[in-house]
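Notes follow once the structure below has been shown.
So that you can tell them apart, the chains are marked A, B, C and D in the order they are listed, and the count of residues begins at 1 in each.
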Amino acid sequence: MKIRTFNYFFKESFKSIKRNRVMSFASVTTVAAALFIFGVFMIIISNVNSLVDTVENKVEIKAFLKDDISSLKVRDIEKEIKAISGVKNVTYESKDEALKKVSEQLGENKDLTEGLEEDNPFPASFIIKVNKPSDVSYVSKELSKIQDFEKINDAQEIVNQIIKITNFIKLFSLILMIILSVIGISLISNTIKLTVYARKREISIMKYIGATDWFVKWPFLLEGIMLGLLGALIAIGFLSAGYSYGMKMVSPNILFFSFVPLKTIFQSILWQFLLVGMFIGGFGSLISIRKFLVL
Amino acid sequence: MKIRTFNYFFKESFKSIKRNRVMSFASVTTVAAALFIFGVFMIIISNVNSLVDTVENKVEIKAFLKDDISSLKVRDIEKEIKAISGVKNVTYESKDEALKKVSEQLGENKDLTEGLEEDNPFPASFIIKVNKPSDVSYVSKELSKIQDFEKINDAQEIVNQIIKITNFIKLFSLILMIILSVIGISLISNTIKLTVYARKREISIMKYIGATDWFVKWPFLLEGIMLGLLGALIAIGFLSAGYSYGMKMVSPNILFFSFVPLKTIFQSILWQFLLVGMFIGGFGSLISIRKFLVL
Amino acid sequence: MIEFKNISKVYKNNHIALSNISLSINKGEFVFLVGPSGAGKSTFIKLLLKEIEPTSGDITVNGVNIKKLKRKEVPYYRRNIGIVFQDFRLLQEMTVFENVAFAMQVVEAGHKDIKRKVPQMLSLVGLSSKANMYPHQLSGGEQQRVVLARALSNNPGILICDEPTGNLDPETAWGIMDLLNDINKSGTTILMATHAKDIVDRMKKRVVAIEKGVIVRDQQRGVYGYED
Amino acid sequence: MIEFKNISKVYKNNHIALSNISLSINKGEFVFLVGPSGAGKSTFIKLLLKEIEPTSGDITVNGVNIKKLKRKEVPYYRRNIGIVFQDFRLLQEMTVFENVAFAMQVVEAGHKDIKRKVPQMLSLVGLSSKANMYPHQLSGGEQQRVVLARALSNNPGILICDEPTGNLDPETAWGIMDLLNDINKSGTTILMATHAKDIVDRMKKRVVAIEKGVIVRDQQRGVYGYED
């Protein structure tokens, strides 16, 4: 294809976008809206994931040491624990610290532990964090092989619960994403179909005066791609603005959780959205134009 | 308007829907998609609200009684508490029950409370549930006027936190709903604009042969309403099916929370969606057709 | 009945299509509007239809100054005017029958009237056998005849034809002219823009010749008058 | 050069538009296609354009059986055929200049060629002053001339005209005919469907008359031959 023909296609697409202002606007809005909704979900999901990570991070195994174990032995055991695969980090909690914790747990009844310092009944323990909640059962089995523990508290029930909730959230987001993609693509391809439909006369005239199929297709393809890109850019703009505004509004109200930073989200969606916008626009054009090419 | 003319309009709208199959399909899909997304959010929000309700329900004030108060006096105090506005219900917790609770709280360290039965150091208390979290501060002030309490524990901080989170969720849903409504309406009105655009020749011919503005508008209006209704019905269908399937899938995995039943959700969305679908379709038609009526 | 008073029409690009035209046509007249391509014939017709507004001057139809018609009144005004367009303007998605019936539905005619009148109109223009075909399945001349049937379906007081025989063979064209003559005799005013020299010459009706936006001739029982 | 061999065309509704037509047209000929409305003239032209396929028979153009052309080859085949449509088929969103330039862009002509050729074509049909107007701003005759300019812009070997003077006044029509005559003399084969009796009679070219889908007359230096 000659370069000047390509230039012509570009000019033609721009002219056509300008000429069919209403329809171009509709297409861009549709792409932008679909991607925006998509983006809202992506942001929600990535925040939920980060929240889930935070919660998962809190899954821990507590292994209570038998009484009268020397601090030298403690260090050996710590090394042993660290060697177990799946263990993320290990914290030692001495008898004194355990007592302090319990008295804090009791809250307004803390007087209860007064005087216990001398004959502290609470055992020292290791608090072991694992990489994934699903590592808990393996790590806990390995720990039970070490003879120095009185008792291993692996909160298996809570862990299972967390695994289930996480899986549920992931499944739900996946399903929702698939549904939204299908809806989005069908909306856009319908819009472009309508654009082509409104120009079928033009297409038929082109065919009569000897235009090849690709000559007819190219401007539509470029137009679709440009509209898709524009829609993607608008969606990205609104998402970024909305998210940073939303974070500012909401952050002071939420103590236990920090938002995924805008930059992280922006980096991951920018190229994805531009590519998806281009693809949707171009592909939508091509499938929409096909049936009008048969003269 | 004559009845036969109205019949004609109806027939005309049906014919036009059939004739413009592609475009009608696009409109219905758009309405259905917008309402579906809307519905997904409504379902999420109503479940979140029910979750929040569950949590809010757990907000309680604990008022510890001074020692040596007769069970007769206790009953008087209970009546006094119940009279405070905002109080939902009141439970009495005796010294024995308090001790049992603490020993349960201590978990594996429950041996600690052994032997304390004889000289129980834990005070009896009233556990007061309030209607709304925001009632806590008033009720707690009123309680402090009763002289028989050693201490009133109103967990003001936790309550504030919950109020903030609830408000945040409500604000977020509101904003999201507004955004989605605007997007939905603009999508639909654009689609209908395209439909009208593709038929502008038809409209101009009608005007030439002496059709009144309303004669031109009616079939489009009816067509819009029918398409909107159809879209709403499809959205309702998919939502109901999807929700009941989703509940079945997910319910066994979640222990702490029960879903809002399908019937409740269905009842609230059915009429809303049908009305919104009708409105969007009809209104979308009318605003889209306006500029084409000027000959 | 139709009165143009000092009508000028200047298009947005400053093209003067009609300049200071005055003309009156009586009820029941048959007037040919002739003139070279671009003379302003279609502009004249569009003004009469209130599709465009004159730049200056007044048009009175049946005693009503159509400049002063409200938006709401325009459709009722137009119902009294049947129109045959130069470029057909048929609804592509409707059959021949439906296209004609449509014009009657627009003016809220009864179902029975429509059922009775449409076949009458179609046989009048010789298209009974094509009633269920779509415009794209018709030849150019057949389409033009459908437009004529549509224009006549509501018994308009005025019939305007812009080049109604341009796509017709002489035989069919004369058939149409005989028809128009009959309609004219039954009282309908007819205004016809045309280039068909032999038709104008033989019909011996009033001829109004426009050139470059000016009436250059207005002749009872006139001829086409341009050398070819 | 153009050869129709036993061509029949039956439309889906079983209407027989052409039945067993055989005809050959030599390079450089000027042929009038005449016949009443609905005779099958446009059908003949559509077959030649490969817009529709014959029900039976073969069409050979420049030695190529067009039935056997692949989908991909059809555009290149069509580029050799200039066509003036009965119903204009101009692009409403393009100016007169753009409409003509468009036809050249479609066949990937150079920018300079386009800049040079389009004004030439427009002045040929007498529309230089309307270059920047849109089709709806033109009179019917002006639109028809734009279509002619478009058809001629790529110097086609064959020029097909379906009723090219139907909307023109006799003077303009004769201008167009003179033009077609010149083009024909420079070697272009011309096939023209028309109802214009005086033009056919005076041009004294080959006349092929079709009636009800059958060739009833094929006459060198013929006349229109229908009584009007």
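Keep in mind that, in the parts below, a residue touches a chain if its C-beta (ideal position, glycine included) is under 8 Å from a C-beta of that chain, and two chains touch if they have at least 3 such contacts.
Just so it is clear, the structure is predicted and the values come from calculations on it, not from any experiment.
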Intersection of contact partners for chain A and chain D: none
Other chains in touch with both chain B and chain C: none
Most distant chain from chain A by Cα centroid: C
CA centroid of chain C to CA centroid of chain D, Å: 28
Rounded Å distance between chain A and chain B, as computed from the means of their C-alpha atoms: 25
Chain B and chain D: spacing of chain centres that average the CA atoms, whole Å: 67
Complex interface listing, chain D residues touching chain C: 11, 13, 34-39, 41-42, 86-88, 133, 137-142, 145, 162-163, 166-174, 195, 197-198, 224, 226-228
Parts of chain A lying in touch with chain D, wherever the complex brings them together: 2, 4-5, 8, 19, 201-202, 205-213, 215, 295
Chain B-facing residues of chain C, complex: 49, 51, 71-72, 74-79, 81, 83, 85, 89-91, 93, 102-103, 105-108, 110-111, 150, 154
